[in-house]
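Handing you a structure now.
So that you can tell them apart, the chains are marked A, B, C and D in the order they are listed, and the count of residues begins at 1 in each.
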């Protein structure tokens, strides 16, 4: 196996980001096998052909079902909207394909659970695209925590706020309907910060107390339309959380947080130090460790560089900066390597299922007014 | 009435900050009456005499009860530890004095309620020293919100984290005992952010869901001692909150948050804009308003200047910077003016009582695992 | 000598800042003698009486000459416009008074030299109000450099940019005329950064190569007037500089730098580390020292606190923040202490004379197109 | 012409960055022709073969002369050290190839001039890799300036400081020798900020007054060696500059500036506003425009997004962040497009020649102690 044939479904924001990553990854990293942009599926044949040309895929199809059963395809890469993940993944798994899917894994924990079961029965490899955990500065944060440089963790604060639906005249799309998106901000963005919380701390969240709110309760059915329909999921959500081992924290998410464009941020506090990070400055990690002489202590700005995880493959020079798509290149490297070598992948379907269960638990907690155990 | 005689009880951090403010306020501002540093009380006569000399008070006493009944004293200024607030304030009120007290008002809502009742019966003026709401940038934040420049508020996030008890070898003092401090971080720092939440939004918090935690469960009884005793109140606390009118938010507080020195910060999100503020950069307010041409939007850094509330009295030049003690000078101006003119004071005992009720409610909520209405 | 009687001339921005400092200093610091706000001079008797009331001075006069010869006055504090410094200081020195003057010391190096000679002949104490060097974070910077924590210095970069004359419709005032101000931005703001350069590095600037420019060449004679007259001094200036011992650097100053309100900033680079500071964030010093493990290096934000010079007198709690006027309180403490104890003062007239010589040299260098030795 | 065959010489930092860009560009952008990674040259055949495999080139050679005359090669891409640029470029031009070269163009203005003449005689297309001008935030800066949003420019400040040679035990390499690098920091980094100054302002620098300094005067000949040899070019340099039309400014560069990793930064001041940028936060542009109500003015942080030049091709979502290599992808898009369509390229050899002339002029000015006209 020298190459791994990719079958990509979906050509929006994520489809293109994946395509760029497939093209660049073999030059950035030394990969055990080379991904080949083989087959692309879109809504119809014409559009698929055009997108294949744009994104550099050899073949195209207007039928994703043809893609998942295509004998040449090794990995099915699902970049379609959330509500299609389950059906597509189950079909791909049934065809014995490895599955690389965008987040959140499913519309509900129940659906995600079915997907986990199918994948594990079939023995295929899975990876879910929570790309922010691949950023060099965030990998560094994980490394600092894992090595105990913060001591025992005492608090986790995380948020992922954006403003892409802050304008009440923005019409419905699949994000705003329960049947196509599941949860709202909580599913789209909250999933990232919940995953980040578990990744960074190395612990599971075991209990949540949550609150969800739809602020803009109705939206036009289409751009400019006077017909309004109910928004079916949350615009913002927040939760207190308990992790294994007594660690506590809180998370927050919003899609109507004006001015926040890539508002994923975290503060992790331990008994020996603290980390702070903001994805809008994705190459900076702020580290405070309680040592050194009095009067010389303070948060240090660690600027991502070749001394940090995965940075050197992009540049030998510190501070030169990784970008959003570079995270996907790292993710693709991990996916390819995991499939080629059998190394464990994180987050695989089973890990991402947890995120769906946390989302469901926050909603349940909101309804019931008490802590919900996951 | 040309002068107002101040009787100051307590000469620690706060006592000195108040003294500086009394000295400077008449030069910074044009006051209706002049505060006179008349009488100072400390633990014994000798120490009181020495402190009166240091802080510039005319007379001194080792007996605070003598101070509160001294006929020349117009205002009793209570800068003693929390557990003494109630007794001192009730005595002062009984003697017909106006009372200016540090925060939190009392060890519990019940105690605070008694103090409110006594003050209102006696018709004396009261003010509680939540000084951070006097900072020019924060007054500006209030002004921006009040004028509707953010539209309808949709979210409030606040924290007040410090690290003054992060070291587990730091021994017990009055902060760590229930009978002398009441709540822990929640009372000392959380009170500030709760007050800030109500001040900025102009709304009452009506429901809380809270979580409190003592991380360092035992401390030495004194510096270097091998005898450990239980810490009796919280090291950190967090809560989801609901305000009047459907606004939601969350607050967080800690006294073990390594690296955070003046970690009071807030983000207020509305339907037209967002404000962000961090007290460690107390002269900067970040304002995003959703207007202007595409590609030219972003958070603006408003640097406190003479166009903003109360700044011009300190300097005619923008960006020159206010400091911590300047907040107290503004607070003293307000206190003096309220007493001299009868203008309403905020936060008076009744307002500060709310904060004690919120603190109690967060603790209750923690115990009961559900929302508590205030 | 228990008290030191202050005679203040000038009641604008600086006069008020000095008055606040005189009032607060004895409470903030333990002073060897107490400054007394004794006599105030302004343009006429009525205005002087009103300002004395406002600023808390015991007596007033419409004649500054009466003030400088008043037997009760110990220190003459000159806060009048630049062009009056020389005459007032010489008169005060002739009357045997100590002199505390605002910067720049004089309109030219020649004038400043006369003032130095007079003061030194008379044996009076002098201090010039370059207050930014008193800020706790900047004193810390000096301490770090002096202790060799940066190693050998290799570069100094400094600027002091503001925008108070950026608007071309702002009319002439004394700042814009050669005979009342001397140099323009270079004298008003450039003097600060030149002084800062010598203070921080502990070295004299020995050579300059400068460039000055008047960008807004004409201004209305008064607000709203259609009559324009030439601006007689620089709006912006910049220079390459050489210090003793081979250290090089550059400085920059402007009064038309839109958006910069308190734009004094410096970067000092050494063989072991680097310091960066911006007065708009006056409580933060960024320190990089080249030590610690690879991957954990970065600029640390030192937040001014009680471990740093002079901070503890204002607050025992770190990060609570000093303000502009607090710098003046420290300056007053130094002035009082120097006079009471005979301790050397910095910058005294002789030190400030250097700044005038540097300003003149930058102008000369501009005209001659080559390096000028100072 | 559907494809453009690339012949890459040099496989270090820059060679790899170019290779990544060639791979990704056709997916990121819609290109008029597709670049093909055809032939790679390195020091010998074996190394070239290995690097071709790593970087994804179809063919390889140990002889760059074979590459430049290879009939299949359309564009010669020179990523070899500075001292080889001239010989390689002249050979490529002689073979009728388009030339894409890294910066600085040559070791001296004289050499650069020969290259310009040859290229223009041959009519080939040229582009020099000053990649920082391609960053979305910096293209936005150019757009803001070009549209007059800052009014008339009054000042330019730029620096490019790094610390890659701050350690005196770092041995000589080609950067530190005159015959292999030409100027030191001034050539390697100063070239970027000089190019940036001309790009942003849209004006030529016409006069410079410069100062250069070698701080670490000797280095080991190889790692760990006790044999020291002289460093032959500057560690740091600075200059006052005059642009066409009266605009003034200053620039600074260093390779020994501890703590600065990607320290390219600029501040451009105009009569209506100001821009500030720091490449270490490459997705943030700070814009101050002097409008809006009093009290609401301040620097806005524009976070790069799809409303800004070239961003949307990387992501439809604002604030998600471009990285260093994305700049090269844009540069490759421009190079490909210029060759395919005949559109003018910037900076071509003629533009880059100016930078070499400015570098030489700064050195001459240092020696002569006066302004040098370019």
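The rule we apply is simple: contacts are C-beta pairs under 8 Å (C-beta built on N, C-alpha and C of every residue); 3 or more make two chains touch, one makes a residue touch a chain.
Labels paired with UniProt names: A, B, C, D = Gfo/Idh/MocA family oxidoreductase.
If you're wondering where the values come from, they're calculated on a predicted model, not measured in any experiment.
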item: Distance in touch steps, counted as few as possible, from chain B out to chain C; value: 1
item: Farthest-lying chain, centroid of Cα atoms versus that of chain D; value: B
item: Chain A-chain C separation of Cα centroids, rounded to whole Å; value: 53
item: Centre-to-centre distance between chain B and chain A (centres being mean Cα positions), rounded to whole Å; value: 41
item: Touching two or more other chains - residue numbers and ranges from chain B; value: 260, 297-299, 303, 305
item: Footprint of chain D on chain B - complex, ascending; value: 140, 287, 294-303, 305, 307-308
item: Chain D contact footprint on chain C (complex, rising order); value: 154-155, 157, 159, 166-168, 209, 211, 213, 215, 235-236, 238-240, 248-250, 252, 254, 256-260, 269-274, 288, 290, 297-299, 369-371
item: Complex contact set, residues of chain C against chain B; value: 12-13, 16-17, 19-20, 23-24, 26-28, 30, 54-56, 162, 164, 260-263, 279-284, 303, 305, 314-326
